[in-house]
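Both complexes below contain subunit A, partnered by subunit B and then by subunit C.
Let's turn to the complex of A and B:
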């Protein structure tokens, strides 16, 4: 750390770090345990669930999972919904965010305040009426029904607006002198610059979509349209019997793999996004 | 078209301005469409439904005035669910804030080890509620869980935590802490990172202790974030649903039934949507106070 610090302070630092590492190991233990159980045969789990080394080892639980095809189907649904929702949110938010950041139009301030007020409307206040509306339109149990409600969330517009505002105006002025259209400026100059912001917003939307529970629970009633989050909830009932414990754990691991991979690859953006979303 | 962008050109201003409005409208249209149709309209529809019977089983959609709200007043399960929700938030919010801050202090700074710890603490928050509750139901299981052997080792008899009216809620709180600490921790990390280094250097010259540095420099510098985290957490924890719904189904003896679960059951099991909508409005009102506080705090942050 620092040469002027006393020996005690240095040892204090090391002790704190050691405690931190210990806590981190304990924190991770449940995850490790579940992965271990998913790799053990059910007969062994009937005897004992203890231990963090998958021995005796088997891939049977995962093989069953793929063979039964329900979990892969839910996974596909989750992927379609999460990717679709992410694309829609990025398109809608970046367009509107640009308008608020750079364009002049009547009632701009009023529209902006109304949009910000929308940040205060929680999912729970609109999910019953939305369910009625979607029932009237007959679109429950479709991927679109699972995507649409979250596209209307204003936080993305707010984040993109914040980002566009921070871009120096000079970059656009040159193009304006060339009489480029607004859309060309947006598409050719602003969007390429905003890849980091789009990545962050996209990741957050994707994770939200993947883990969404309440809305898919009420909207997707057909087991073929379950997302992986709702699907897993539906098989948790079997969990009382030790029979099949290994396969339930395998499905939990399987369901989390895409999101964990995404997290490991894009960690930096996700953590930066948290700070951004706090309006800093 | 901003004034600064083209101060010298004397184009026919009126025409160029109205064309500018049209462009802005095109940029805004997709968002405004989904916003109005899928957020603003449902909100008012929800308020409207809450003043109607809207009983899907009986097929009765007639107006009932304030009857739904009056019924809430005398519904013991509604009060119990509200109390449970508040109790859950009361247990979760302070502990979450303190743990997130401690973890942020512990893992901030350079080095590979700290970076790995940061990832570990954040990782649990990307799991879905279904996976988290599955994991913790197993961890808490009295016969084959992870907690039971430790409790036994310490000389106590393991309890079926999720089956006990005393322990079920604290067990759900622990699950929630494990799940949710990543986001507030990241907020604290961002705040800690923006404290000017000079402040610490001055304290070091004074040979100030770790303890007094925390109270005199660190905490005052991040107080804005502390308040923000508390408010964000209150809003988030009022919405609790998945954890008790999946771990205890609201039991034992209604001791963990949350408001959102009661709304869900009233509307999708009993099909009394009007009554459910009235409850949703009450929850919305509870959250609104804190959401407004959150927005106000966000603006304070902008001004700095």
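Let's turn to the complex of A and C:
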């Protein structure tokens, strides 16, 4: 009986593995296709876009891209915005998360509900008033304008709140008896303990900021203030007809490289983060 | 070192009263143990002394000063928590130094105090380790070390040994007792384990449902429990209780009729019970034996062999299970009927309300 059951379980595992591999291949093929096309000359692509082997091989598409004077500028913008936004999100989310998790203050529940309600409002719904407000302040085409609308992230606050709630209260009580002020407790006990949660939130924020397209598109009208996503899209719009598919594909690969690298380096935290947000 | 005084202390969460008008004096250098079942309010009371719970009514005094409104950190107390509450990201040294640094203690002084505490607790080899790389016993020692370096007026222990295994618990129990001897500090210790209370305390405070049932030295409570609850809570195996009725009462001498037509003599405070009153007779297991002339008949259900003693669980005629602690190695067979004899120890008598009415010199002549 047991042997039969374990036999079934073994076949079940194999089937699951086969499906997983199939899905992984299906997901990976378009990526491979894009990379292959980015490494082929446009003349070849005019003839046929088929094939997963970059032959004839060329790096010309990438060389053309890097030669564009504005690309380093766009990369810098993306880096400033993504790093700045990440830092600000971490500061706001950890402070607010801690406050919701452990402090008592008037209207705490109301404020919390309002914050969570923020999750339900699609960002496009507030684009117009947001754009108008930033225009009134005269800060469009600045890094601040690209960062500020994304600094208060309800899901980040929620994630940090959940994390802080899980920290045993005795730790704070021990620190309290150890003459620590509320801020010392936050700074020297809670924050160091929340490094895994902060890393996860930071990574997701960075990836989101780097990939962000719509707001930078409407806020940054000056080509010098484009982020790399907006900038590369603008090349595609302007040059696609003349430069061909190879350039478009090279720009797509180029724009996603930092995120791929980030994922490879921090995949442990990202997977843990997904599990954390799913499990809680 | 300081004394701790509670004056009519009470605590309520919303409309639920959990501590009722508790008054207690803990002398300088005394080791007092709060003991009671889960939910009796012992930890809450300790946390109120620590300043981690607000006091709803009454006063808490430490060193003669009212501290109801004083922040926990300014009360001069150090606390050891059940789950150790060590800062996981800090080394043992930093765990101990954290409080002193916050207090602005000079570095040399911090180092000296840590070295001294580590010496007492044999923690020198582990000072640079993180808590996660240590065993439960070592962690608890670090938690105690963190309290020692603060040189507090009062040490508070909240079930510090509950997370340890049995062998380590016994070892740490001895170490804490030694520590108290070495430091001579005032210590208040919370536990639900009556053995810890009996072995460590100068005085035990037995709590039930937020009220003090009895306060006294361990042996005093063991031999003179004030009521059925204290009698049943202290001692392992617990005291045997047999229900009966007062058949004769002459001064302090009474005769109690038990089920099965057995009449047992006992001594009570004169006038505390009258003929016909229902009473409960309490007999410690070591005061119950097996002998041919035994007054009580018992049906042996289980025999537990503990090496030095054996515990015989037997059912007596009224259906109650009693336990006898025998020193000789000839155990009665399970399923047999044995005569149970009551030894020369105290026969505790409790009235219908459960209050002890045993005569202070209650031994039978």
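Here is the rule we use: the second predicted complex is superposed on the first by the 242 of 280 C-alpha atoms of A that agree within 3 Å, B and C clash if a C-alpha of one lies under 4 Å from a C-alpha of the other, contacts with A are read in each partner's own complex, and residues count from 1 in each chain.
One rule holds in what follows: contacts are C-beta pairs under 8 Å (C-beta built on N, C-alpha and C of every residue); 3 or more make two chains touch, one makes a residue touch a chain.
Here the structure is a predicted model, which means the values were calculated and not measured.
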item	value
Partner chain(s) touched by A:171 [first = subunit B, second = subunit C, both, neither]	second
Which superposed partner A:29 touches (first subunit B, second subunit C, both, neither)	first
Partner chain in contact with A:179 - subunit B first, subunit C second, else both or neither	second
Subunit B versus subunit C as contact partner of A:193, first or second or both or neither	second
First (subunit B), second (subunit C), both or neither touched by A:7	neither
Subunit B versus subunit C as contact partner of A:252, first or second or both or neither	first
Touched partner set for A:138, first subunit B, second subunit C, both or neither	neither
Contact residues common to both interfaces of subunit A (with subunit B and with subunit C)	173, 176
Contact footprint of subunit A on subunit B as seen in their complex	1-2, 4-6, 17, 20-21, 23-28, 30-32, 34-35, 37-43, 45-46, 49, 103, 106-107, 113-114, 116-124, 126-131, 133-139, 144-146, 149, 178, 183, 186-187, 189-190, 204, 210, 225, 228, 232, 235, 239, 241-242, 246, 260, 263-264, 267-268, 273, 276-277, 280-281, 283-284, 287-288, 291-292, 295, 298-299, 301-302
Subunit A residues touching subunit B - in the complex, by the definition given at the top	2, 4-5, 9, 12, 16-17, 19-21, 23-24, 27-31, 33-34, 37, 48-50, 91-93, 95-96, 98-99, 102-106, 108, 111, 115-116, 118-133, 148-149, 151-154, 157, 169, 172-173, 176, 182-183, 186, 207, 210-211, 213-214, 217-218, 228-230, 232-233, 236, 239, 242, 248-249, 252, 255-256, 259-260, 262-264, 267, 270-271, 274-275, 278-280
Subunit C-touching residues of subunit A, taken from the complex the two chains share	168, 170-171, 173-180, 184, 188-189, 192-193
In the complex, subunit C residues that touch subunit A	50-52, 71-73, 77-79, 81-83, 85-89, 98-99, 102-103, 146, 150
